[in-house]
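Per-chain numbering from 1; labels A, B, C and D assigned in written order.
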Amino acid sequence: MSVRAAVMEKPHCPVRIWEMDEPEIEAGAVLLRTLAAEVCGTDVHLWHGRLAGVPYPIIPGHVSVGAVEATGGDVADVDGRKLRRGDIVTFLDVHETCHACWHCLVAKLSTRCPHRKVYGITYSAADGLLGGWSERIYLKPGVSIVTLPPEVSPDLWIAAGCGLPTALHAVDLAAIKIGDSVLVQGAGPVGLAACALAQASGATWVGVVDGSPLRRQAALRMGASQCFDVTADMVADVLGATHGRGADVVLEASGNPEAVRQGCEMARDGGRYVIVGQYTDNGPVELNPHAHINRKHLTMQGCWGSDLSHIYRGANALARFGARFPWTGLISRRYALSEVNEALADVEARRVVKAVIVP
Amino acid sequence: MSVRAAVMEKPHCPVRIWEMDEPEIEAGAVLLRTLAAEVCGTDVHLWHGRLAGVPYPIIPGHVSVGAVEATGGDVADVDGRKLRRGDIVTFLDVHETCHACWHCLVAKLSTRCPHRKVYGITYSAADGLLGGWSERIYLKPGVSIVTLPPEVSPDLWIAAGCGLPTALHAVDLAAIKIGDSVLVQGAGPVGLAACALAQASGATWVGVVDGSPLRRQAALRMGASQCFDVTADMVADVLGATHGRGADVVLEASGNPEAVRQGCEMARDGGRYVIVGQYTDNGPVELNPHAHINRKHLTMQGCWGSDLSHIYRGANALARFGARFPWTGLISRRYALSEVNEALADVEARRVVKAVIVP
Amino acid sequence: MSVRAAVMEKPHCPVRIWEMDEPEIEAGAVLLRTLAAEVCGTDVHLWHGRLAGVPYPIIPGHVSVGAVEATGGDVADVDGRKLRRGDIVTFLDVHETCHACWHCLVAKLSTRCPHRKVYGITYSAADGLLGGWSERIYLKPGVSIVTLPPEVSPDLWIAAGCGLPTALHAVDLAAIKIGDSVLVQGAGPVGLAACALAQASGATWVGVVDGSPLRRQAALRMGASQCFDVTADMVADVLGATHGRGADVVLEASGNPEAVRQGCEMARDGGRYVIVGQYTDNGPVELNPHAHINRKHLTMQGCWGSDLSHIYRGANALARFGARFPWTGLISRRYALSEVNEALADVEARRVVKAVIVP
Amino acid sequence: MSVRAAVMEKPHCPVRIWEMDEPEIEAGAVLLRTLAAEVCGTDVHLWHGRLAGVPYPIIPGHVSVGAVEATGGDVADVDGRKLRRGDIVTFLDVHETCHACWHCLVAKLSTRCPHRKVYGITYSAADGLLGGWSERIYLKPGVSIVTLPPEVSPDLWIAAGCGLPTALHAVDLAAIKIGDSVLVQGAGPVGLAACALAQASGATWVGVVDGSPLRRQAALRMGASQCFDVTADMVADVLGATHGRGADVVLEASGNPEAVRQGCEMARDGGRYVIVGQYTDNGPVELNPHAHINRKHLTMQGCWGSDLSHIYRGANALARFGARFPWTGLISRRYALSEVNEALADVEARRVVKAVIVP
């Protein structure tokens, strides 16, 4: 039997459908029937060739959900439960983290391990069905698998998508406490997930900044206390909404370097600022170290990547908070495999909040 | 009896000696005979009028050491010990922190309390002997007083000076662990104290960056493992000295905005960066949020001011580590009250590491 | 005009109503018309003479809410807002924390300051209207006052009562993260508030242990995921509900020493355990340091008292989460001043969840 | 060629010398010529059969140092440096941590991974040369290897022994800050290493408690500020030495359950207490949760095991602090393989501080 997969052969060219062979399943591997995969901003970056070291042709799609089709002998999920055909699972796109180097063992900074590979990004289509935009996904031996709790449908999981673990990592670093005011910069998938998770962490005021009315509306539906357009008055408006002090916590999820200076200005003295949106290089920003950092007694943290704990705990969080926030309403449109070029164009133009591939 | 004090009447003018009345001592107040006071970079800023809200004329000198001359009834030090005439003490220059506002009680950020006043900086000479460049210092009721341990001579205390509590606060934020590599930017009084305290905190490698050969030599005497000039090769040299990874911890104590970008580049992935040297506004710096913060998973912390705990623990630290580092060797010259203008000029021109006033 | 107050003249005797003079109001002081005051377990301890150093006769009632009747000149709340007649406020019962001693300034442990006094507990009725079981409460100069947000009615505030700031302190120490499982031991006012705050902090499973069916029902109404009776199977049942591992976080709010051993057994390896319920000495417990602490890699924290931040943030939390949990349903009965002896008997017998005095 | 190894065939019997075959070296494995191995308290426990699940016969010796004799192809140390014949290395005795389970990936608690195995403890002699009391040690593929820095001789490494990484883990948890007073309970190898590391972390007073005069003398040589015998006055004496408050940090390394209650009593209010010495079950202790934990606002942490980071950073620490403390003076005697029964008897009787096997 053959498997249809959408392949990005090289940057700047239309993605094409390939017919690929169904793989043989090694011991310890798992074959998934793809139920849904995500199109996210990173895929647009891949399409424009903005990431270094990508082994085109690739099958994009790093966050996905599938049903177990076959396993290479006994394979267990992270809870140690043996997988069976039909189980609905997701997995950590990051694989081959070595657990043997200084980054992994001494710095305990596995997201910076130089050996890590990422499904849908740094595996080549020549190596197999190693991305989500495909009817099947091949999980190599050792890929970390999480069975979705019964409360979490495939639709719910993919609606939260890669924004959820990314935002969860950022929210963890922010150490939000009961009663904190939290400002989120950017209302894309990461920012919207951060808006929900900040509320779920005890924030009593969550403001969201975004230049797009569509996204500000999405933020309000996700429970934002107040939204702010990106204007000359924005900083003053946020200060006005936070007793003139600024927010206890600011989470940057915009990707815009200028946002970093504004975020410093909108955080309170002694506040915490987590920068998670600067995943690709969009250029520099001018900061005043005296006014923006030193005198403010500000803590700023860069947040890079996510790991299995964020996937696992994200699944728990959706099981509990899935009904409290309109996650699935974030899915603007579902696309067939044959429509992935449209999906990419829609995400790039920000015509959609969330684009989902249903192969 | 009259008291001689050096008064900075306004910016840009020579400091002049005033003859002032010996004050009446309120209940709870303490009069000190000044043994030594410091001339630090802040005093140069005061001389140039770079700080806002200074009520000239002022008696500068925020870190000082003195002998108790008289007390207004029973007055105790922070340990609850009753002070007696002749006791050698120091005190927290910051006073009138209100312990009643949101900053003090909710944010627990007393160094940002809007009501705080600072001896030698924000008290006017019209209000009394409220600065160290004077034969006597009047400690108002409620000023926090620390008796120096017997191992800590007045000379030792003033040699460490205000650099010690400032550096101690920064080193606390950096949470240095056994085996860390630490890079200090700037070898002025704060940087040199940070160099010593990093070693005392378990760092196994302490590098120091400074453009002045005099200061690099001082850093080596303070036990730096390696010193680096500020050149085009500096970043590469530091990476070369730290397994190509960068330092686990970077402490900025230079006052130069450009140092902040360089510090980001010299910190390792997942490193911690404390910015303490940007006490006055020396302009902006260009950072790349992607490369310098986000992808690095870097933690940056601004460090503003110090509090009584840093003075108290600093005195303990000197009692223990005083002999291990050549603190008193940092005193380049002692000046009489009549020589304060010379002292200011020497500090400004960086002809001295540490200038001490002996009234 | 005279003021009626309920006075506990000495332990083991009925509380009696005194007619007291309306006080003169010093500069900086505030007189409140009491709207509601609480009867809590501590009051029963006072009644039985179990606390040391209590200056009987006293007016009990440490958490209260009132309307401003008069102020001694301009007096501000913690936000710096000037108080006006009729404002609905609460206040921190702890007063005279010195902000001058080693505990306050070096250890930064203000709840252990030896100078602190507590309204309703360590002030004598001879000193004035310094407890909540009275028609008026006299707030001395410097008492920390928080104006209730409009969303927080006096009824809502007193329903949460002193359990709220106490639980908030404990929940802060527990550092609950999104996805954590939390077990609360004890469903009295502190435990029920902890149950709500754990949910509001991101816990995805909150179990509650209590021997009383009435209290277990209250816990379920407060949103507990599951309740457990105190039986021989309890530990096994909780392990069974938490993947066999135990809870990520355990919060002890029972007052029973045996609970501490059980809590160790119900926490997971590497879990966090906060002990807040052992406010009075109820005797010892046997622990096995190897099995309960060392091998478990367990973190245990004692939690003593609360401070203004917990009151302030608690008020914010109620403004946001007040409607989400049935706080006011916790009030079992309201008592007039003349009925305080009944109230004490009901609290002692655990016939009520929460008893409120409406003077 | 055959290899001589000391084999503990079963509990309570003399250890015997076996002649074993030199192993074939798989790809990724390393064969070491043993330079020194340790006899520690755990080996006595093994000898008495006090640990569960030990697959006798075993070759004891979990911390060792050796010279590379041969490698199975290219094998690198943790820094990524290729190993060569003659390199002096040590290794993490813990192996087969799975990096795939909930403990490893979600709780990030690798020392509690159920799959971990330990050289010298949970590997059988039937499986090969998997313990240090042998002329050769076989490092299976994936064992984490650390090359000793040139400043760290085999003698220095083994003198610090397994006490060093264990104490480093405990000292990390204690988060010692400049100026802290630290009390260490127990002056065996872990306690003596903790005594040194506490000083190296910025403690300005380090007290040590031990019942043995020999060990108290060793503690003084390791730089203890003051030593205390285990007497009825001990608690009072320690309080007297710490301003009547107790130590900021207490580190338990005694193995005696009673020490845990005493430790609570000797820690200050709000102090931190790390319990690392209760590695085996020596029975219960009675604590008073009110007085010892809750009212003290005490933080207690159990510390279980160590990981590669503690070995790696421990090697760095010895390179820096090796000369500052008389580590090698801790070696009371060196034993040939044929003398291991004597070594065990000497360790059991506490006739030696540190016993080293030189095969």
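Simple rule for what comes next: contacts are C-beta pairs under 8 Å (C-beta built on N, C-alpha and C of every residue); 3 or more make two chains touch, one makes a residue touch a chain.
Computed from a predicted structure; not experimentally measured.
*Asks:* Report which of A-C and B-C is connected by more C-beta pairs in contact.
*Replies:* A-C
*Asks:* Taking B-D as the reference interface, which entry in A-B, A-D or A-C shares over half of its contact pairs by residue number?
*Replies:* Equivalent contacts to B-D are found in A-C.
*Asks:* Roughly how many whole angstrom separate the Cα centroids of chain C and chain D?
*Replies:* So the centroids are 44 Å from each other.
*Asks:* Just how far, in Å, is the C-alpha centre of chain C from the one of chain B?
*Replies:* Computed from C-alpha means, the inter-chain centre distance equals 41 Å.
*Asks:* Show the residues in chain C shared as contacts by 2 or more other chains, in ascending order.
*Replies:* 79, 102, 243, 312-313
*Asks:* With touch defined as at the start, can you tell me which chain D residues reach chain B in the complex?
*Replies:* 79, 168, 171-172, 175, 177-179, 197, 200-202, 204-205, 243, 312-314, 316-317, 319-321
*Asks:* Which of the residues in chain A end up touching chain D in this complex?
*Replies:* Touching chain D from chain A are residues 78-80, 97, 99-102, 105-106, 108, 142, 144, 307-309, 312-313.
*Asks:* Can you list the chain B residues touching chain A in their complex?
*Replies:* Interface residues on the chain B side: 102-103, 107, 109, 111-112, 243, 245, 252, 257, 260, 268-270, 275-291, 293-305.
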